[in-house]
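The structures considered in this document are given below.
Heads up, the next two complexes both have chain A, just with different partners, chain B and then chain C.
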Partner chain A sequence: MPDILARLVEILLVALHVLIFPGLLFAAVGGLLLAGIDRKVLARMQRRIGPPIVQPFYDFFKLMGKETIIPAAARPGIYKAAPVIGLVSLSLMMLFFPIFGHKAAFGGVADLIVILYLLTIPAVALIIGGSASGSPFAGVGISREMVVMLGYELPLVMVLLTVAKKVGGGSLVFSLQSISEWQLESGCLLFHWSMIPAALAFLLIIPAEVGTQPFDVAEAETEICEGPLIEYSGAPLAIFKLNTAVKMFVMTALFQVLFLGGINLGEYWLLGGALLFVISAVLTILCMTFIHAFTARLKIEHLFKFYWTVVAGLALVSLVLVWFGL
Partner chain B sequence: MSNFYVHFPVISVMGLFLAAFLVEIFGSKNKYVRYIISLIACLAAAAMTFYLIVPVFLNGEVISYWMGAWAPEGGYAFGIGYEIDGLGLFFGLLTALTFLMSVIFSWRYMSRDGHLGHYYTLFLMLAGSVLGLVFTGDVFNLFIMIEIMTFASVALTAFRHKKHPEALEGAFKYLVLGSIGSSMTLLGVALLYLTTHTLNMAQITALISSQGMQPTTLLAFGTMLAGLAVKSFVVPFHTPAADAYATAPASVSTLFSGMVNKAGIYGIIRLTWILFRAMDKEALMLLLSILGALTMFIGVTMALAQHDFKRLLAFHSISQIGYVLMAVGLGTNLGLYGGLFHAMNHTLFKGLLFLTAGAVYYATGTTNLDKLGGLAKRMPYTTVCFLAGAFAISGIPPFNGFASKWIIYQAAYEKALLSGNIVYLIITVVALLVSVMTLASFIKVTSAVFFGQTPASLERTGEVPFSMQLPMFIMSALCLAAGLFYNKTVGIFVNPAVNAATDPAKYVDTMMGDGYAFSHGIAPQPVTFTSVSIWDPVFWLILFVIVTCAVTLVAMSGARERGPISLPEKTADDKHATFFGGEKSLHSHVGGSDLFWGFKKDLKGYFRVMDDLHSGRTNDYALWVVLGTALITLFTFIFMS
Partner chain C sequence: MFKKIIAESMTKSPWIYHVNTGSCNGCDIELVACLTPRYDVERYGFKLAGTPRHADIVVVSGPITSQSKDRLLRTLEQVPNPHCVVTIGSCPQSGNVFKGSYSVEAPLEKFCEVDVAIAGCTPKPEAIIEGLYKAAQILKKKREAM
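Up next, the complex of A and B:
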């Protein structure tokens, strides 16, 4: 009997992790809050008052209550499933991040390569969903989204390999848990000077991954009417908007795991950890907002060139430095 | 009757060849007779090959069979021997699965063509030759099987030349370049015979191991390596593949990518790992991995530029073979393990993708990406199978492509760390990047063929018959199963093959008598390797299902307040119509080939060079093959002696 009870508790614990912390609810609330902060700060930078910080929540619930129109040219099944698949892979990723010394909920089953692949799934979901809606504007949007993906993937791969080499030295280390433990011993990776170009490259990858200005070519409201999302309405659109917010959150969390994992808080780990998490998430997002505020949208070919030359170059500098043991 | 199964390999190969003649004699008029003969031959050969799993994989035996009981005498092997170790059976299984699926698919797929007697004759010759190639223990027999394979492939490529004249051109290129490859292999075999005075592979292994590398042996190695590289379509020998795969019937393209280029890879592994035991030489590792990396990068970038469904798949085939060659060439056990696993997965998903391309051709009559669109509604099962194959080849978890690529990345990165050579690091980055390009390219196919807007000419398209769906379903299920239970899959299938390649002592002893290997300096080597990262696919699947349920639950809980779902009416209405921004719909269609505009514009220098190199002229391609052969031979002479 106690056996079954223990099993039950275990299952409940898993459900808790998946649904509430650090899974779906935590990521959703955190992501929407970050999106709110981003909008507010951007507005202040542009001398506007801006929406309240909880505006993304209002937007989300408003959209959930709207009618869902399925266009005649769409494939209904994939059209509805695509946003959910993106959300699932994003909230799965949260379960594998060790955050400030806390062990990850399921840290034992993931590594950098798995994360790299999981990161592509939301983009694929957006592309497949847009493609299934049968609109020519979506066609333009998804083609751009694909090129954006090709663009940032090269520097991202190089950054991840740099981190692996720095942490592992002469042995293979791909696990996020050991990256975090290494940083607890030897200090944050961000404060190793040879890693700074890689960290900059990663910060430049975040806006492309999330799709904010100047890298919002795929959705370009003023030009191709939100591209892949053009035919979406109601609940599926709400979930896609939520995906963008959660992606922002996941990327900031990944940045912390990779570059800021090394602050040892001793006995104040719970409160201090939470505080540090919030501060660094907000700071990471502010870097993005700052770029957003003073740039205009790039053309797709410029974006691609930028990522394969400037950003990949930054990552390469770090990779070469780390390769020679610096 | 204790070892009745030792006759299975030779019976299955002979059965297929015999059936080829029976089809030509009895089946040229009646479609049922010829199909039943072919089906029975394929089923029997496949069943016998699959039965060998028990003795070879599970019990660790090596099966040997001397034709006409010509066992070795006086320390020299005279007769032709068949010898099946883990490596041979591994590729034998891939071959058997491929021709079995293809023959089932052919029944309806080929039903609209004429001269089907010839088709099934050539089909069975091709199947028998590849099976013979992987089972044989004799290098000259290997060469003969390569010849049969090449000529059957050439004839099958040209099979639809009346409807598609370009098939003749493809066949001609294949014929010319394939012949150069065969001649190189023959030259290598002759030189081997010159130095070792035997044609038996087990004995050659032992003799080369005791003699060391002499100049003649080196030349033999170089020419054979180049000849086999032509057969597996490695850059710069890849040029005939694109035309041949694209113009052959889809059931034959499945054979090409599932077993013909695997036969080449099998030959390369047999040559480098076993016959010459040369995988301890850094120079060879560098050569093979660089060739592999070049193959995957050029393959995938050329695929991005294609307008034809099957041509695109052909370039992906080349690219994936690059992964296999690169991993095998790393020279580490982990690399070999990843490479073999990827070879297996490539057979599964690329076979599946060619079958879906065949289904699309059967239903619509075209494979031009710019003329297709919106088939998901009209061919739902084909679409699901295609998506399974596309996810598998792009390496999206939990499909099999992810598991094998993941091992390959680890192997390449480990190699970079162990050797301290930055070339391997670049190769790792290229491998990861190629995977994303593969994904992008398959998204393009998905949106150009199965989603998007339907051209008016395809409004009446329907799903293909069940006998064509069945092989696609089986392959999709295998793709998923090999990814989910990858621990079991590699444990049963890949591990014995890795053991056979790294430890040929038993292979030599079974053929030449106990102690022969040891007396020629081949000591048994236990396999040791570790895969450091953690990946538990079943756990992931469970987690994925839980989260999907959770998300659905959350979405449902808001349903009371949520607005209704509005489905389109039968009659046309503005609310559900696609938004065109006031343009006429015809102005707004994005063709499948325009999808990488920004990418192509930035890399236009690279694409111009590639276009110049892929000129389509057989003379140029032959020059490439000769040049490649010369370079490989030169390389072996300079760096390996």
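Up next, the complex of A and C:
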């Protein structure tokens, strides 16, 4: 009997992790707040008053209350499922992060590789949803989204390899738990000089992954009417907007786990969550809002060139340095 | 509870889609002025949407030329419910100085329901903001009636 009880408690605990902390609810609320902070700070930088910080929540609930139109040319099943697939993979990703002393809910030996795959799923969901909507504008949007993906994926893999090599020494270590434990002993990876180019490269990958201003070629609202999202309305659109917000949170959290994992708060997991959010907000302002405020949209070929030369170059410098044991 | 939150959110984040039906660009400029730092309607949650599918408020300017009439009506059909139609300036209301022209279909009321009509040639940004605010309130009522 106690066996069954223990099993039940375990299942409940997993459900709690998946749905509340650090899964869906925490990621969604954190992400939407980050998006609100981003909009507010951007407005202040343009000398506007700006929307309230909770504005993305209003947007989300409003879209939830709108009619969902499915175009005649669309494939209804895929069209409605695509945003949910993206959201599931994003909130799953939060479960792999050891948050400042809080042990990861789903730990394993190859977290980094799983995360690499989970990170591509939201972008793929956008591509699938866009192509299922049957609009020519969406067609242009998804082709651009694919090129953007190719652009940032290469430097991202190189950064992850660099981290794995640095932590593993002789071999590669892909477990986030071990990465964070290693940093507890020998200091945050950000403060190892050979890792600084990789950290910079990762900071430059974040806006492309999220799709904010200079790198929002796929969803360019002024030229191709929000690309893959053009036909979406109502609840599916709300979930796509939520995906973008959660992506902000997940990417900034991943940066903290990879490069700032050395802060340990032990038992205070709630405080760890709060600290995670605060640093995420700082990173969002630093690498998304600031760049958004003073740049215009890049052309797709310029974006691709930038990622495969400058960003990949930065990551390569780190990778070579780490490979020689520095 | 969610119904209440959704109805409340309707007034807080109306997204605008702007259709120009042969306007002289005066009203369009005044609408854009509302989005600039001086008036900044984004502080009430207003945002310009890129496509009619995302829109809550469709803003129409211009005297509805015969060429643009069908296109305007097709655009309005694509907007998900609940939505509002707001006209800016005297043109869509009466035809203004173009009234009686062979190529102008002026009053928009002939073709669809207009929720708010902002008069003036051109209306001031303050008037436009007030009209948009009223439209947002109507949006909430429409949602509650749904």
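A few remarks follow.
The rule is short, and it goes like this: the second predicted complex is superposed on the first by the 306 of 326 C-alpha atoms of A that agree within 3 Å, B and C clash if a C-alpha of one lies under 4 Å from a C-alpha of the other, contacts with A are read in each partner's own complex, and residues count from 1 in each chain.
In this section, contacts are C-beta pairs under 8 Å (C-beta built on N, C-alpha and C of every residue); 3 or more make two chains touch, one makes a residue touch a chain.
The shown structure was predicted, so the numbers you read here are calculated from the model rather than taken from an experiment.
Contact with both chain B and chain C is seen for A:M64 once the two complexes are overlaid on the shared chain.
Once the two complexes are laid over each other on the shared chain, residue contacts for A:V147 go to chain B alone; chain C is not touched. When the two complexes are superposed, the chain touching more residues of chain A, out of chain B and chain C, is B. Touch criterion met: A:M158 reaches chain B, while chain C stays clear of it. Of the two partner chains placed around the shared chain by superposition, chain B and chain C are both touched by A:C225. Legend: residue contacts after superposition of the two complexes on their common chain; A:W323 is shown touching chain B, with no touch to chain C. Within the superposed three-chain model, A:S131 lies in touch with chain B and out of touch with chain C [touch as defined at top]. Of the two partner chains, chain B and chain C are each touched by A:G234. Legend: residue contacts after superposition of the two complexes on their common chain; A:S91 is shown touching chain B, with no touch to chain C. In the superposed model, A:R47 makes contact with chain C only, not with chain B. Residues common to the contacts of chain A with chain B and with chain C across the two structures: 61, 64-69, 225, 230-231, 234. Within the complex, the chain B residues that touch chain A are 374, 376-377, 395-397, 402, 406, 409-410, 413-414, 417-418, 422, 425, 428-429, 432-433, 436-437, 439-440, 443-444, 446-447, 451-453, 532-536, 539-540, 543-544, 546-548, 550-552, 554-555, 558, 561-568, 572, 575-581, 585, 588-590, 594-599, 601-602. Only residues 2, 5-10, 12-14, 37, 40, 42-45, 49-51, 53-54, 56, 78, 80-82, 143 of chain C touch chain A when the two sit together in their complex. Listed in rising order, the residues of chain A touching chain B in the complex are 14-15, 18-19, 23-24, 61, 64-73, 75-76, 78, 84-85, 87-88, 91-92, 95, 106, 108-111, 113-114, 116-118, 120-121, 124, 127-128, 131-132, 134-137, 139-140, 142-144, 146-147, 149-150, 153-154, 157-158, 161, 164-165, 168, 170-175, 225, 230-231, 234-235, 239, 299-301, 303-305, 308, 319, 323. Across the complex, chain C is touched by residues 39, 43, 46-52, 55, 57-62, 64-69, 221-222, 225-226, 229-234, 237 of chain A.
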